[in-house]
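What follows is a set of structures for review.
Same chain, two partners: subunit A is paired with subunit B first, then with subunit C.
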Partner chain A sequence: MAFVERTVKEGDNLAAFFEGGEERRLTLTDGSRIAVIGGGPAGTFFTYFLLRLAESIDLDVSVDIYEPRSFAYQGPAGCNHCGGIVSESLVQLLATEGINLPPAVVQRGIESYVLHMDVGTVRIETPLQEKRIAAVFRGNGPRESEPLPVSGSFDGFLLELAASSGARVVRKLVSATSWDTGRPRVTCSDGTSATYDLLAVAAGINSQALQLFQEIAPGYQAPKTLKTFICEFRLPREALDKFIGPSMHVFLLDIPRLEFAALIPKGEFLTLCILGDDVDNALIDTFLSAPEVKACFPDGQVPAPACHCFPRVNVEAAAQLYGDRIVWIGDSGVARLYKDGIGSAYRVAKAAAKTVVHHGISAEDFRQHYGPACGRINSDNTIAKFIFGVSTLIQRVRFLRRGVLRMTANEQQRRAARRHMSTVLWDLFTGSAPYKEVLTRTFHPEFPAMLGWNLLAGNLARRRANGSKGNAHG
Partner chain B sequence: MKTGTFEQVLAQPAQAEQLPPCGANCATGTDVRGWIAVVAQRHKLGLTDADAISQAWRMVADVNPFPATLGRICPHPCEAGCNREGKDGAVAINALERFLGDWGLRQGLSLERMESDPKPERIGVVGAGPAGLSFAYQMARRGYRVTVYDGEPKPGGMLQHGIPEYRLPEEVLTGEIQRIRELGVELRLGTAIGRDVSVDELRTQHDVLFLGIGAQRAQRLGVEGEDGPGVWSGTEYLSSVNRGAPPALGDDVVVVGGGNTAIDAARTARRTGARVTLLYRRTRQEMPAIAAEVEEALVEGVTLALLAAPLRIERTGEAVTAITVQRMELGEPDASGRRRPVAVAGSAYELPASAVIAAVSQEPDWEGIGSLYTGPTWVKTQPWGRIDEQLWAGGDALGLGIAGIAIAHGRRAAEALHAQLRGQPAPAAPSRAAVTGKAIKPDYYAACARTEAPALPAAQRLVSPETEVHATIGEAEFLEEVTRCFSCGLCFGCEQCFMYCNGKGFVRAEHAAPGAYFTLQLDACEGCRKCIELCPCGFLSAQPLA
Partner chain C sequence: MANGNLGQWYAKGHVVVRQGEIGDNIFAIQEGELEVVKERQGGGEIRVAVLHAGDIFGEMAILEKEQRNATVRTLTDARLLTVDKKTFMSRVHEDPSLAFNILRMMAKRIRTLNAKLGERRSRVDRRRAERRNVGTRRKGPRRSAA
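On to the complex of A and B.
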């Protein structure tokens, strides 16, 4: 990336210019201006930490967050489209940073989850009674819902937080970027533009924004993405309590191209997320007509959704996600595979903020101090792909499904201190722990032994019961 | 097959222009949103500030050759329905138009011809008011030879003789009329039909006639003491002031009436230093005058005597000394829906008066021209002002209105007449249902306070009675005010649909223009409806998924 660090002006001491080693480093100084494109979790966490860290070392910088979206809108227009699961570990982590989710933002506390397979259903309580999760709306709730107060939007809350820590929120859409004598320049759809010392791109992957960098950063390659499906069903509260309860319902069904699906209760709504290989109308229909799914709705009737969207999910990190004076964070860089995107946005945003305040804003600074945080997520995702491969295998093979079901059910019944399978599944689906930990737990000497036993016992029991459909739960 | 539980909620966008309230309400029928768009979106259109402003001027002048004039005097019904009203005030369209009008005069911009081939028909126009001049302009630019007759030595009708200098300086009006003359329109001034030229002669000179005679005859109060010196009609008084021969009024002037003429007469009289009382028989709410003008009159020190009707003008010898006034109250609603004022018995009182100006109403004056049109006093026409093939009419002669309506009448008559003469289909009636409410998303647009034109302090106005009360906004204010337009019902290129569509359903158009920044690629549409719900201006609407 071409840039001019400092032009030699008349009256400059030429010797100082060439020798000024320290001075020539790219850093933020008093008066530096930073532009953040996107006010989702990545952009707001980055801003929040940057301003806090800068203040702690008496560095006086200003941040403009470009975010055209109004999180006061209902439906996809005001929403950053996701399942809205925030794990307890992230809630706790945020609390230690002084970020407390207001009660209005938490639509529902999730205390257990129910695993649905064709071979049966099993409820898993929070392991060790502590890993509770919060269900949130990213925007102002689904279409045609009772409008939440603006503070009821998770992203709205974060943006407010960034604004109250001193950032200026610019309600404009960025439509072009360029270099202005070595500094990043941002142009908005209304034709206005401004030049900054640093540009942080946190525009996610659910917009065409990542096309805007082809010229200024030819090396950057947007993440690989997959089309997913989310929708919201409006159900009477009594029906939600009866059929869903304070649980997230996870489906491992043998439907072609289906990777994973979950139902999450929130207020008067039930959120459905479907991940898979090119989710399309046919896949959604097949899923919604599965008996295991219908059983979760009153009278086995799936109502028409109140709100729906087809967001993309980051499945492979972007290439070259930093350069001099520019850095990509959150979904437009790397994100944890299939879960806890908010948590990973928090981690990389914090790492990026630390880098720019404590080290510098050159590509080299980012490589040394920001790269490792991205790398950790990347390698965890490699493990994730393996684990998901196994879980897909479980989905496809009835024999395995029985084993998993039995092991989990037994653990839950015995309220055993060591709940290997339960914890593994819990972490896998809620995002409470890195994939590496999930995998490590399956290496516990007891795990394969228990699984082996359950595989055997589960399938033997089945043969004895003569094919009647098992339900370990009821 | 689309029978799935969720497929019924899928919908895809349609790009459909909707009529904005400003354009629907504009008296002249100007494409307000369109000319604002050219300036507001000039960066995207690759226009310099100056080119954009001149282009906007041409768009206005296309339908209204008097932007500097109407920018000063129009009661701007366009602003009344503006969707921005509820946010931080309607777009100051009238102030914008005034800036454009002054720009056109300053830059010496000229009116554009539409057809260069000369047409054989000879067109005659009676009356050089806004109706007649607008008609003449639209005919001349289509290649017709047009002659306009007016009994007065100066053109402009009520704009020239009625509206006072402090609201509309003569040079502004003359400048705008001059451009119409430059198109080849011949003005025969000081030539009254029925006095200087007979109706028969007029008929032999022209194939088609347009009547733009306005409503020049003032109605009388019909009270004792009305005849004699010291009593004038409103238009009589104003036109003598405009001619530079103001009558002596004395210290106590009573103006009777509640319309624009009454207010103008009262404000003009106030500028002579007299105490001025405005007598109106109903309440302020019922006053037909432009509300802002009533406000200005009060600021300047005119006293309102409401629910009061004249009974008798008292004289000592010839001189007017007082006016006896009857107190009124509002009774049952009349045919117009306004509550009828009824006298309160035994409540008459006297107001001192050195002069009385009766500005109650005007009607068309048929003296000498009665044979031209044999219908009722107020002209009745078919659509577009057609009386018959050879005779057309428009403006106040059809009913008292405002200048913008007169201009629209003139233009529409010209369009329809041109179509008739050239054997083209008659123009279609304009649609009037404007886009409002849910389709518009006011909170998308950044807050920005409305520009207010600077006004002269009241004391100053009385000291220099001819100085304009309001000034024209500056270029910087103009360029900021245009950004306040929501562009209701027409794409202004906010890019949200393009940016947020996951399916890449929108493609940048090669030649960007208001309403045409993106083309739709419905094959790519996934049916999420996000774009429709994001579009702030209501240009995108939902249609079932193909």
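On to the complex of A and C.
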């Protein structure tokens, strides 16, 4: 990761540049103005931490968050399109930060997950039997839903948190950026514009916003993305309680191009997320007609969705995530692969906020203090690619699926410390731990031994049963 | 329990943390009130604080690797979210500022405790002074009567 090169031009704040005899001094001072493009999790966390840290050192700065979307709208217009799982680790970290998600925002507390494969189904409970995963709506719920209370949207809640910390929310779409005597200038679609000391770009990857920086930061290259699918099914609450319960349902099915799919209960809706290689209608239809999926709906009937979208997911970090007075955070920079994107937005947003308050706003400051946080996520994503490769292998090979299922099912009777496969799967599917930790868990000496034994036992038992029945399934 | 609630409910009067036990979790109060009590050596207990939604407790045993130094009991039905030691400590290594909120909360608690101690001391001083006054008043008439 490098930084955007920019030469000092006439009008640049040279005094600040060389202040104190240091080579490059670009810092926030009393009265500095910061623009944040995008009021999703990355933009709001960045603002919240920046203002809180600034206050703690009596630094008086102002932040404008540009966000045209009203999270009070139902349907795609008010929504930042995602599965809406706030991971177990993020829920805990936010609580220690003093940010507790109110019941109005949490559509469902999740306490277990159910893994569906063609060879069987297994439920994995949290060791503490406690609801520590939140299923939320990013906006105000799907089309056709009962309107939530104003504070019911997760993104709305975070934006309100940033606003109550002192930020100004500007309800406008940013349509251009430029340099104004060495400082970033933001222009909106209504023609208004303003100049700032620092620009934080948190515009995600699901808009045209990332094309706005070609001129001011030619080195920045938007992240690589993949098309995904999300839809919402409306179901009676009793049906949701009976068929889904307080669980996230994960599917490892041998369907070509399918990486991963999940059903997540929220209020009277069920969110379906499909990740895969260029998700299209054919893949969605094949998935929805799988018997394992149909079994999750009353009478095996999948209803027509109330709302759907094809958002993109960040699968490879952007190049050149920072320059003097400019930084990219969240999905528009680097995000955790496939899981806990909100959690990684929180991490990088906080790292960026600490950098600008405690160190400075030059490319070099970002390289030293913000870069490592992004680098950690990037290298963890490399491990993730390997882990998802193994998961795809399990998806494709029935022999492996049987072993995994048997090992996981048998572990449910054991104490938490000895549930090796369950914790690996839990952390993998809920996004609760870094991928490195997930991989390390498989190095436990008991893991290969148990897996080997369950592979043998699971497949031998099956063969014997088949032999005695005289049929050749599986 | 409503679907949108995170954490776990504890009934009124439930002891969440017991003095002397080894602690592995921090608790974040989502709803309800709890009291922090110190158990006295000779029996009985003394209330040192009342905690509310948004407060955190249990952090000292985790930071010091020590036994819980007080008992925490629910005063009303209360909803608590558990924060694992491992999640917290591994993240603190990456981001020490995560402990900032906890430090602030501990500082607040110490300030409240100091204020309480101050109040107690002045109450004791007042009572002593009153007793002295009563003593001198009592002694006075007796002396004069003598």
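As a convention for this text, the second predicted complex is superposed on the first by the 433 of 474 C-alpha atoms of A that agree within 3 Å, B and C clash if a C-alpha of one lies under 4 Å from a C-alpha of the other, contacts with A are read in each partner's own complex, and residues count from 1 in each chain.
In this text, a contact is a pair of C-beta atoms (placed from the backbone, for glycine too) under 8 Å apart; a residue touches a chain by one contact, two chains touch by 3 or more.
Worth saying up front: this structure is predicted, and the values here are computed from it rather than measured.
**Q** What is the contact status of A:92 with respect to subunit B (first) and subunit C (second): first, second, both, or neither?
**A** Second partner only.
**Q** Touching A:319 in the superposition: subunit B (first), subunit C (second), both, neither?
**A** Neither: A:319 stays clear of subunit B and subunit C.
**Q** So, does A:103 touch the first partner subunit B, the second partner subunit C, both, or neither?
**A** In the superposition, A:103 touches subunit C alone.
**Q** Considering only touches as defined above, state whether A:393 meets subunit B (first), subunit C (second), both or neither.
**A** It touches nothing on subunit B or subunit C.
**Q** Check the residue A:77 against both partner chains and state whether it touches subunit B (first), subunit C (second), both, or neither.
**A** first
**Q** Determine, under the contact definition given at the top, whether A:267 touches first (subunit B), second (subunit C), both, or neither.
**A** second
**Q** Could you look at A:456 and tell me whether it touches subunit B, subunit C, both or neither (first, second, both, neither)?
**A** After superposing on A, A:456 lies clear of both subunit B and subunit C.
**Q** Which of the two partners, first being subunit B and second being subunit C, lies in contact with A:295: first, second, both, or neither?
**A** Neither partner.
**Q** Tell me the contact category for A:354 with respect to subunit B and subunit C: first, second, both or neither.
**A** Second partner only, subunit C.
**Q** Check subunit A for residues that touch subunit B in one structure and subunit C in the other, and list them.
**A** Common to the two interfaces on subunit A: nothing.
**Q** Once bound in the complex, which stretches of subunit B touch subunit A?
**A** Within the complex, subunit B touches subunit A at residues 4-10, 41, 43-44, 441, 443-444, 446, 483, 493-496, 498-504, 526, 528-530, 533-534.
**Q** In the complex, go through subunit A and note every residue touching subunit C.
**A** Listed in rising order, the residues of subunit A that touch subunit C are 53, 56, 88-89, 91-93, 95-98, 100-101, 103-109, 128-132, 134, 246, 267, 347, 350-351, 354, 376.
**Q** Considering only the defined contacts, which subunit C positions touch subunit A in the complex?
**A** Subunit C residues touching subunit A: 2-8, 26, 28, 30, 53-54, 56, 81-84, 87-88, 91, 94-95, 97-98, 100-102.
**Q** Under the touch definition given earlier, write down the residues of subunit A that touch subunit B in their complex.
**A** Touching subunit B: residues 68, 70, 72-73, 75-77, 143, 171, 173, 175, 189-191, 206-209, 227, 231, 281, 284-285, 288, 302-305, 308-312 of subunit A.
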